[in-house]
Amino acid sequence: MNAATLFGLSGAALVGIGLYGFVTNPEPLRKILAFNLLGSGVFLVFGVVSRRAAASGLGGDPVPQAMVITAIVVAFAATAMAIALVLRLLQETGRSTLGADSPGDTDRVSGNS
Amino acid sequence: MTIFAVFDIGLVVLILGIAVSTIAARDAFAAVIGFVVYGLLLSIAWVRLAAVDVALTEAAIGGGMTGMLMLGAVARLRFAGGNDISISLPVRFATAVLCALVAAGLAIAVLSPPDAIPTLAPMVMENLAQSGLGNPVAGVLFVYRALDTLLEKVVLILALLGVWSLAPDSVWGGIPGLRVYARRSSTLTFLAQLLPPVGIVVAIYMCWVGAKEPGGAFQGGTVLAAMWLLVMIAGLKRVPSIGQPWLRPLLVVGPVIFLAIGLAGMVLANAFLAYPPGYAKPLIVAVEVALTLSIGVALGLLAAGPLEQAQQQ
Amino acid sequence: MISFLLGAAGFVLMTVALALVVILRRPAEVDHMMAAQLLGTGGGAILLLLATATETPPIVDVALLLALFASFAAVAFVRSAPGQESEV
Amino acid sequence: MPEANVLPDATTTDGALLVLAIVSPAAGVLLSFVLGGQYAERIAAVLLPSGLFLASIIFVDVWRSGDRLIYIVGDWTPPLGIALRADGLSAAMMMTMAIVICAVAIFALADFGTRAGSAEARAPFAFWILLMAIWGAMNMVFLGGDLFTLYVAIELLTFAAVPLVCLDGRAETLQAALRYLLFALLGSILYLVGTALLYGSYATLDIVLLSRRIHMEPATLVAAALMTIGLFAKTALFPLHLWLPPAHAGAPAAASAVLSAVVVKGSFFIVVRLWFDVMPGMLGPAGAQLFGGLGAAAIVFGSVVALQQQRLKLLIAYSTVAQIGYLFLMFPLALDTVSAELQSSGALTGGMLQAISHATAKAAMFMAAGIIYAVLGHDRIAELGGVARAIPMTIFAFALGGVSLIGLPPSGGFLAKWLLLEAAVATGQWWWAIVMLAGGLFTSGYMFIVLSRAVAPSGEPLKPRVAVPRYQEAAALALALTSLLLGLVAFGPVDILQAGRLESMLVGPR
Amino acid sequence: MNLALDIFTVSAVSAGALFFLAGTVGLLRFPDSLTRLHALTKVDNLGLGLVVLGLLPQTNGLFGALKLVSIWLLVQLSGAIVTQLIAGTVRRRGSNG
């Protein structure tokens, strides 16, 4: 097994770990954290794709690397927005929960602004 | 087994261990710190994957900025109402099986590479000379796939607008609720006076070196953002209100110049986002300089969070 | 020389890992703060050794950023430590 | 695969129009952001109609020539660069979304207009910029010829859509927005990992090049599965729909209309691109039945829950969950039994028509619900009595939207369902026909509940709490009429949906 | 000459690595946060310093050497200040944090 495969497998594992944390952890902040772990696993898969395609004197294919840079910045922006939502929710309700998982109860959602 | 392999295995085990402890930690604070450490370790992993550009981005954004964002949030959530929802064991188990399935699928995909691994690296290098750039990643970001890079800047602006738009109406136009260090601390002040000049030099260096070696506007911009935040946290500079006349022009100057050069390409070169022959490098450097500023301000304000105080008259 | 530098990098990684495991298992948050600082230093050393061993000077820049951001994270720690939020 | 086999794309004569369709919203966003306040609305007032104009030029262009418009960005042909391509599907969807967005903009003038001379207000400033961003992101989704560009586009869409949910800042809507954001982020990261795997196997993410190189192998299958799950989460296909009802029902009316009519179609469109264009032979009969099954479950579940709702906006939101289900019925119906490939047949036309007619009808219905809420101060279905007398035009628009949802002639919904039924009969898959008919019955059920309440006389004449501007009612009615008359395109340009499809491009060596 | 430099590098880097080990042992063994803090920063900076010192002969060019030294200085500076800040937090919260 070469180094690229090793990091690729750990990327796969990180996706699994992050996904588990994302689904099972009820606290929004922890969900956001797990999302970042999941994301970094995905980025590692890009890294492996790039490393494997090393050619022309480059250590890796630069195209996936550029994509990861774009995606890291997008993930940061997403994290910032999610945390802003959590903080606002805290301000409004003193709590930071996502509420019940069944949005079926009609009274919690009202109509127009 | 080579010494590289031993190093890599150690690194991977450490990364996975920290990741699991981050998910499993009882305390949110411990989880966040685990995440910061994790980000720093990942940048070493990226070095090992021969992706120094990404390593720089990960060190700055993944470890530094995201960590700081989360630490700010965790401190404020500390006394928030707890969470009474608990997930039952069977559901946890089912989720674990599902996640293992996803991970296994990915592992299979990783373990079965195509016989001849296709790559765009030769094509990237072949055409790179035309642009005068030396860094192939910068070439992809600003020459071949410039459209993605441009749109991603719009994503940053939108995310910032999204964060701002959460504010109650009463504080619109006001000041982001960045928590500053409450005590006037001489040591922190000292750091906030000494580090930013160094940081600015590093940012300029990153931006300048990005054309030929790893680095560029993203990394430079992130360093700028961090230095700005440091100065604000230490109380040396006030957090600006979003109504400041200089703020929004600075935020859009990068994407606007990028867009303008792109459009000019329709007339002066062959296509949208094409550069006139011979002018590619100076134009790209100009775009990168403007983007460094815009990214710096945007990331700083994103980390500063939603508006919380009305503007003082 | 190369394998010596790599070995040194691996050794530092190991000590850092050992320290991290212990630090992160302690309940005190102050101890946790040390973890990031430790990684700023240790990670920097590892990267510098890798840069020289693989003859890739740009890796030094990663160490530079790590050094820069290590203290930044610590400032965020201190700011978010208990006893801060009530006073803002 | 030798590159010599690949026909190089080239920019077509009117290709620059595609750049304009992406650049002008982006420029509008940046300009509005920097000028602020009053200008955001004015810039939108200029740009959105010109966007409609642009979309119609592209539409006519594609329709007339029967071929695609192509633009090679930066003059770098794929795989190195990015191509923008407009085929019939893109043109028709662009046109629809431009119409809906313009109608929403007119509707929103009442709620998000800024008074002259007043300081910059938060909600209008955000709303107009976000609306332009959604327009640009949708155009990007329709025109993008590269899977990573599509990733950036759906992220753009997410960042534009989420803040719309909680513009009023109430705790419930903040919660709905957070939930929506988390679902959307999960969806896009799963999509992203798929693109990584595809790039690893084929060293390109260009849709045309991929479609020529792609073949059955583990990495491709894993990629396809993860991307599809991610996009399903973003499209709110059952059982990943949990985020949709609170988000769509809680948002301000104009925002609900955009979210339900426009935004969910973005990720759906990428599903179509992926399976019909990139890998038509990959889904197979089992996969197609699975897609159809999820769609059928969505129809049944969404309709049943909609029937139980006591709030009008939630009912409409659950109806969206059900209507999204119809979109996925086209997969088993478009599968060619001989070649086991997804064919651009009548079923595809039917499915896309369903997306188009749902977009117009649902936007009209959410606008009508918004007007009803404004007039009554609530949207409890049981207390709608007398509202039909007070605002007949609005209730009429709501009813017309319902006609299209149920699928009565001559509505677009009718034509769409007709085409799908025809395909079901032709391929002998009668079970999908039953689902569709049952869905129609359910839809008539909840439409009947609402309308019978609305036309019921109330004790005393209803006093509207606010005077509803005529143009708001007109915007809703116009969209509802569009949806109603869409069925008439059977006599006209319905075949545009087939224009410039990939098959016709593959005449060259494969 | 080259050999001499290599020997210098090996011995300095080894010494640095040993200081990392010593620091870790200190973190494990010292009883309270303040002394652990001492172990962490003082020894780590010395460790990094020796590593940097050892690598100096291996760099090509003045700029590279300058960068190495500035990294060390940066870590010194931030280490000193961070220790102060953390120690302040420990003090305010009483004994062991």
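In order of appearance the chains are A, B, C, D and E, and numbering begins at 1 in each one.
What we mean here is this: contacts are C-beta pairs under 8 Å (C-beta built on N, C-alpha and C of every residue); 3 or more make two chains touch, one makes a residue touch a chain.
Treat the numbers as computed from the prediction; the structure is a model and nothing was measured.
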Legend entry - Separation of chain D from chain C in steps, with touching chains one step apart: 2
Inset, instruction - Give the chains in contact with both chain A and chain E, ordered by label. - result: B
Legend entry - Identity of the chain that, by mean CA position, is farthest from chain D: E
Legend entry - Chain centroid nearest the full-protein CA centroid: A
Inset, instruction - Look at the interfaces C-E and A-B and say which one is made up of more C-beta pairs in contact. - result: A-B
Inset, instruction - For chain A and chain D, let me know how many angstrom lie between their CA-based centres, rounded off. - result: 25
Inset, instruction - Please compute the C-alpha centroid of chain B, do the same for chain E, then give the distance between them in whole Å. - result: 28
Legend entry - chain D and chain E, separation of their C-alpha mean positions in angstrom: 57
Inset, instruction - Could you put a whole-Å number on the gap between the CA centroids of chain B and chain C? - result: 19
Legend entry - Contacts with two or more other chains, residues of chain D listed in rising order: 148, 152, 155, 159, 162, 166-167, 169, 174, 193, 197, 200, 203
Inset, instruction - List, in ascending order, every residue of chain A touching at least 2 other chains. - result: 15, 32, 45, 48, 52-53, 61, 63, 67, 70, 74, 77-78, 81, 85-86, 88, 93, 97, 101
Legend entry - chain E: positions in contact with at least two other chains: 70, 74, 77-78, 81, 85, 88
Legend entry - Chain pairs in mutual contact under the definition given at the outset: A-B, A-D, B-C, B-D, B-E, C-E
Inset, instruction - Would you mind writing out the residues of chain D in touch with chain B in their complex? - result: 11, 16, 19, 23, 26-27, 29-30, 33-34, 36, 71-76, 79-82, 119-123, 125-126, 129-130, 133, 136, 140, 148-149, 152-153, 155-156, 159-160, 162-163, 166-167, 169, 174, 193, 197, 200-204, 217-219, 222-223, 225-226
Inset, instruction - Quick one: which bits of chain B touch chain C in the complex? Just the residue numbers, please. - result: 3-4, 6-7, 10-11, 14, 17-18, 21, 29-30, 33-34, 36-37, 40-41, 43-44, 47-48, 52, 55-56, 59-60, 63-64, 67-68, 71-72, 74-76, 78-79, 179-183, 188, 191, 195, 198-199, 202, 206, 209, 213-215, 219, 223, 226, 229-230, 233-234
Legend entry - Touching residues on chain B, where the partner in the complex is chain D: 102, 105-106, 108-109, 112-114, 117-120, 123-124, 127, 143-148, 150-152, 154-155, 157-159, 161-162, 164-169, 172-173, 243, 248-249, 251-252, 255-256, 259, 262-263, 265-266, 269-274
Inset, instruction - Name, in rising order, each residue of chain A that touches chain B in their complex. - result: 3-21, 23-27, 29-30, 32-34, 36-37, 40, 43-45, 47-48, 50-63, 65-70, 72-74, 76-81, 83-88, 90-91, 93-97, 100-101
Inset, instruction - Using the touch rule from the top, collect the residues of chain B that touch chain E in their complex. - result: 185, 187-188, 190-191, 194-195, 198
